[in-house]
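Chain IDs A, B, C and D follow the sequence of writing; residue 1 opens each chain.
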Amino acid sequence: MTDPTVEDLLERVREGEVRLHELDDHVDAETAATVRRRLVADRSGADLDVVGEYAFDAAAADPNIDNMIGGVQVPLGVAGPVAVDGGAFEGDRFLPMATTEGALVASVNRGCSVVDAAGGATARVTKRGMTRAPVFRVADVAEAEALVEWVRDNEPALRAAAESTTSHGELLDVTPYVVGNNVYLRFRFDTKDAMGMNMVTIATGEACDTLEAETDAELVALSGNLCSDKKPAAVNAVEGRGRSVTADVEIPREVVEARLHTTPEAIAEINTRKNHVGSAKAGSLGFNAHVANAVAAMFLATGQDAAQVVEGSNAITTAEATADGDLYVSVSIASLEVGTVGGGTKLPTQAAGLDVLGIRGGGDPAGSNADALAEAIAVGALAGELSLLAALGSRHLASAHADLGR
Amino acid sequence: MTDPTVEDLLERVREGEVRLHELDDHVDAETAATVRRRLVADRSGADLDVVGEYAFDAAAADPNIDNMIGGVQVPLGVAGPVAVDGGAFEGDRFLPMATTEGALVASVNRGCSVVDAAGGATARVTKRGMTRAPVFRVADVAEAEALVEWVRDNEPALRAAAESTTSHGELLDVTPYVVGNNVYLRFRFDTKDAMGMNMVTIATGEACDTLEAETDAELVALSGNLCSDKKPAAVNAVEGRGRSVTADVEIPREVVEARLHTTPEAIAEINTRKNHVGSAKAGSLGFNAHVANAVAAMFLATGQDAAQVVEGSNAITTAEATADGDLYVSVSIASLEVGTVGGGTKLPTQAAGLDVLGIRGGGDPAGSNADALAEAIAVGALAGELSLLAALGSRHLASAHADLGR
Amino acid sequence: MTDPTVEDLLERVREGEVRLHELDDHVDAETAATVRRRLVADRSGADLDVVGEYAFDAAAADPNIDNMIGGVQVPLGVAGPVAVDGGAFEGDRFLPMATTEGALVASVNRGCSVVDAAGGATARVTKRGMTRAPVFRVADVAEAEALVEWVRDNEPALRAAAESTTSHGELLDVTPYVVGNNVYLRFRFDTKDAMGMNMVTIATGEACDTLEAETDAELVALSGNLCSDKKPAAVNAVEGRGRSVTADVEIPREVVEARLHTTPEAIAEINTRKNHVGSAKAGSLGFNAHVANAVAAMFLATGQDAAQVVEGSNAITTAEATADGDLYVSVSIASLEVGTVGGGTKLPTQAAGLDVLGIRGGGDPAGSNADALAEAIAVGALAGELSLLAALGSRHLASAHADLGR
Amino acid sequence: MTDPTVEDLLERVREGEVRLHELDDHVDAETAATVRRRLVADRSGADLDVVGEYAFDAAAADPNIDNMIGGVQVPLGVAGPVAVDGGAFEGDRFLPMATTEGALVASVNRGCSVVDAAGGATARVTKRGMTRAPVFRVADVAEAEALVEWVRDNEPALRAAAESTTSHGELLDVTPYVVGNNVYLRFRFDTKDAMGMNMVTIATGEACDTLEAETDAELVALSGNLCSDKKPAAVNAVEGRGRSVTADVEIPREVVEARLHTTPEAIAEINTRKNHVGSAKAGSLGFNAHVANAVAAMFLATGQDAAQVVEGSNAITTAEATADGDLYVSVSIASLEVGTVGGGTKLPTQAAGLDVLGIRGGGDPAGSNADALAEAIAVGALAGELSLLAALGSRHLASAHADLGR
């Protein structure tokens, strides 16, 4: 702490000779972080020592953070193991969850144990595609119509431009939307095992250059919000973004009664009154109890982008008593943006989280690891929904019994 | 690692004598975590040592996690300092941000520097109230109408019941919503410096007991999704939840031109075409560029609930050239659920994050620290919006110049 | 047709001496309409004679139309009679419906007959209030906060101003919403038997004058779209506008089986998969099958504003098999804007439509006729939902039977 | 009125020998209507004579109404003429509007006159396609995935089945959506000059038969609400239904100042604060002032389905001051469901309405008349938006002037 380099740099920052974000030009990443931490501690009066006890390599974290002063530590637990029959995720797995909300992991764990007792969950990715939607300005709607026509006629050229920037990504399609003199083009890419936001931004940018060179349209913004990234938007809830994924399970009535102390009918009723009718009345895009909890905790545990929990909450839970009297429950997440390469996945604790699932890095075939991650999260969400609905159902039943005793 | 206790417990778990979540009954929290980590490592083949290098006290994390195996570490940076004239947040402050998305802190930092050059941001909490909305089943709409009437007539009794469970919380109002034979009651509380989800759940539960005892209505679920927690719902975007908070700034034209290399008019135009028209066409509840980024990063840095980033994305960004030719920009977040006591705020690195802001623990007056946190996050979001819009604007301007040169 | 006045005026309009909308200054309303009709017929080559065969008094229609050329005729049918136990609407009534969509009246009629066989429908208005929400510009969010405070402190003055303009309307409350430097104030009025849009616009305008005179806020628009009129908006779906009304019915299983050829369970399942899950996935504010059909047809038959069918589509249909195996169905329309005085209700055929329902003009107590109209429409919508769900259910059953026969 | 047939049938209906809807089996349509009208008049005490003064042929109205008792008459006016440069609608045209809302036609007329002074409006249909989305039940998500695959592989067979039912309609595409064990297939058709709801329902039904015959999926409902018909749904606002149509105009500053007594900047500001920010805060799918007014009035005047005004309100209005200081205004309606053949278009007064526009019946090429109708309505809506924004702007300017005089 009395490292002369640190003291010297602190002085120079205080004097205004060096700015905080320039420290990396003068010393290694770890020392730079130390200087900043000291400076922020001095200014704020905070004791930041614990923030300096991080277990990753500061230099290696460079693609993930700027003006680094240390690390934040979030407790990590596991739910499961749970059996999954997925399109890409198979076997009995623990689900890693990082959270500060007590009872969450316990709740998902309880759900996993019931899913397991029912023979495991089924999971499938039903749609894929990371999107970016630039907005262009044109003169009027006549030009807008012409631009839409041009895009339809020149999709091969746009694809060539876009794909020239990436060895992995593939342009799936381009969908135009016209609003007055604005034309939005929603580019959708297969980004394999990468979440792919950067990849599709660069690729779309190249396609925009081609378009601007050959038409009169002027690019206003590379993202025109029809993507839609990190906003709660119907376009994602309807059309999907990243992965659209469903997990479901059929639970024998006796398991519901013995393990959850309620009935399939009670769970179905609660799901309707709360998740369907209540959400409908709330003007919601999320027809579920707490899917975002599982999404957030598994995102943190596996190095995903925490801001994209927003889109991960676009989920619908269904529950029904089957013709045979058993319980069917499903969770469908429309727009889960996940990757097993890039972003925060290389940080050591997050890489370990992916290793717990057995899906770190690129999959074989390409994209299968990110599919598996989406399916794992959907199963975690399913377990969480089941557990919470059952808790409400058993209270319900208890209350019903109490009623009879009156 | 060859601790006999650990080895012995591992064996007993493998034999099925002890279950993972029962380990805490046998050994201290840290040892229990070690056993679980070992077991998960063995089962998955993952090397989880780094997950064990956490810097918090396992026993103290007990209210935050179950089935703990260790900790996840997220890089922490700072933006600022930035001058703020808030209702509760005052002075020149660094903003702590934990993220794995490169360039995010740098972007917010650039925005802070411009806000600072303009004399600082203004921020205000314009509405407060944490909500919980149970759903009750009644016989038909005639009974629903009667129940609504009963609630209006008995609000004092409901208040007394609810407030009997808490020394801090105050019931602000109860709003009924009827859908067929379902009655939803949206209880809204002032929870002071606590985010308050648990507090209002318990308090609402007590009020529900009163209601069930005195009417024929039957409680179906303590949350009927009109709250609405961790779902993207219009009820929150319109009516607010937690804090409704706005930050804004007026930036002289010369600062816009010199520092951001664009014009107020260009920024206003981009904001309209992207954040307003693009989001409108997307069917969005988020009329902003990337507010969720600042919300997520500051939530992680200060121990907030990461799943509530969902509601934090209900934000509207406005930008206009003023009559004097300057730039006015604002960010209004409708439903930011924050607290400076409870939840994850006691964990050491997260407490340090609050200390950087100078607002850890209960405020004076009560509630002022949570207000301040909301204002700090709004300022971070404002800086992020400004920076991103300016980047688009300068590209735009560059492109416009290039056009002239054709 | 060779009326010299008509020929002369036609010539003067063609010469540009008189403009179309000035004709009323020169001749009586009917002759003016004739001249316009002739002119439009000549210009377009259309034979418009049938448009001239209208059965209302042109002069009396003056508050309803400008540049009149005649009338459009829409076929009128009746469904019912149906028994209703409403808060304001009682007895066995025919429901008048004007439509051009074949099978609609038949479908509602079938539903009415089943509702009747089940002992009739229950209906209640659960919330009332016509809204208008002006938007004000302020300097920044600090001023916005101050304005919100001012409004809270000065609600009596605003009420006095507003109510000075009307002998019927009562200001119920004012709800403020802040977005950057915009403050929206949602004024909600009890407008009794009038739909009340004009009444509340004038009253709100007066309150705005008071506010502008005493604060620095500047009125930008008397409607800032948080009202929200004639747009599909969550604020109305959640908070209501005009009347929030529910109709419901419990139908014995034997009636469902004998008359509808299906089961309560089948109808509940279809309602879930279509009206709840399908609408959820569609990002809808309408969780029903075709409520807008009944709303539109009864609006046209009773002189309501056809553009407000938009808000009338904010409806949720629920269906469930009861514990006793019967069928419960409900329709809840959140924002039905209706009146029995003013607007189009004085036109002869529309007044006759209200007379069929027995609720023309002001009610006793005031407001009860408009309540009754809302309940009547909700019952019509309920009958329509039931009929359509049953048709799907019987097809379903037929198909299920066919399956067994394979 | 003492027609023995009428009296005799009245008696038989009263005796319960003949039911109201069976009257058509006994007498001609007009007499049946008379009997019903008498009966309803007797039961309700209403004088319904005026309802009997209809000017259409009762027998010919048979495809449009059931249980007919007469007709409702709505005043019809005209706005314009207005010059339009459309993809299908060309020249100087009057716009027919049927409404009971005073000042509406006058407002649109004023807007038309300014559009005309600016050289006319541009209009284009930018997307076409009427949709129907059945919902199927499958066993679980694994079967859902298989069904989606089957649909992709068998689109030709589905097309063949669908198109076998219609000589005009063409299946454009089928988009699958999976939610748990529900699969929704959104069929989109080119229905040429027909609005096409019936056509696509029949065609989709045939495709469903093929699908059910060859897979294990079971059809639950021919409409699963992802169509989405007569509900305010994001899927339509985003992806369009019927016609997506835009009308726009550029108005010289001097025209704005001289004719509208305001400035391009004032109109742009009001549009932002009201139509963009206000609607955003309202959780709206309608970012406009009163587009539904023009849609409803022109729907009634041309025999469209009044309940589809709902989807016609999914519209975005933009307004901006151009680089040259002029005013650009646009209206984009996402889902306008219109036809010039079938439905109510054959009724005499409605056919006359289409004749005023010069677009009755099938167009050449097929579809061009319905395109033209969409463009005409968009121009009417544009004129209405312009007029209302200008009225607010001139008040604004007046108020600004008054401010200066203080």
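Methods note: a residue touches a chain if its C-beta (ideal position, glycine included) is under 8 Å from a C-beta of that chain, and two chains touch if they have at least 3 such contacts.
Small disclaimer: the values here were computed from a predicted structure and weren't measured.
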{"item": "Neighbouring chains shared between chain A and chain D, ordered by label", "value": "B, C"}
{"item": "Pair of chains joined by more contacts [C-beta pairs], B-C or C-D", "value": "C-D"}
{"item": "Cα-centroid distance, chain B relative to chain C, in whole angstrom", "value": "38"}
{"item": "Whole-Å gap separating chain C and chain D, where each centre is the average of the chain's CA atoms", "value": "16"}
{"item": "Contacts with two or more other chains, residues of chain C listed in rising order", "value": "177, 179-180, 182, 234-235, 237-238, 269, 277, 279-283, 285, 287, 316, 318"}
{"item": "Overall pattern in which the protein chains touch one another (line/ring/star/complete/other)", "value": "complete"}
{"item": "Of chain C, residues touching chain A in the complex", "value": "234, 237-238, 269, 272, 276-277, 279-283, 285, 287, 316, 318, 320, 334"}
{"item": "List of chain B residues in touch with chain A within their complex", "value": "20-21, 36, 40, 43-48, 50-51, 53-56, 61-79, 81, 93-94, 96, 98-106, 109, 133, 135, 137, 177, 179-180, 182, 184, 212, 218-226, 228-236, 238, 269-270, 273-275, 277-293, 295-297, 299-301, 303, 305-310, 313-314, 343-344, 347-350, 352-353, 355-358, 392, 396, 399, 403"}
{"item": "Footprint of chain C on chain B - complex, ascending", "value": "85, 87, 122-124, 126-127, 140-142, 144-145, 148, 177-182, 234-235, 237-239, 244, 246-248, 250, 283, 316, 318, 328, 330-332"}
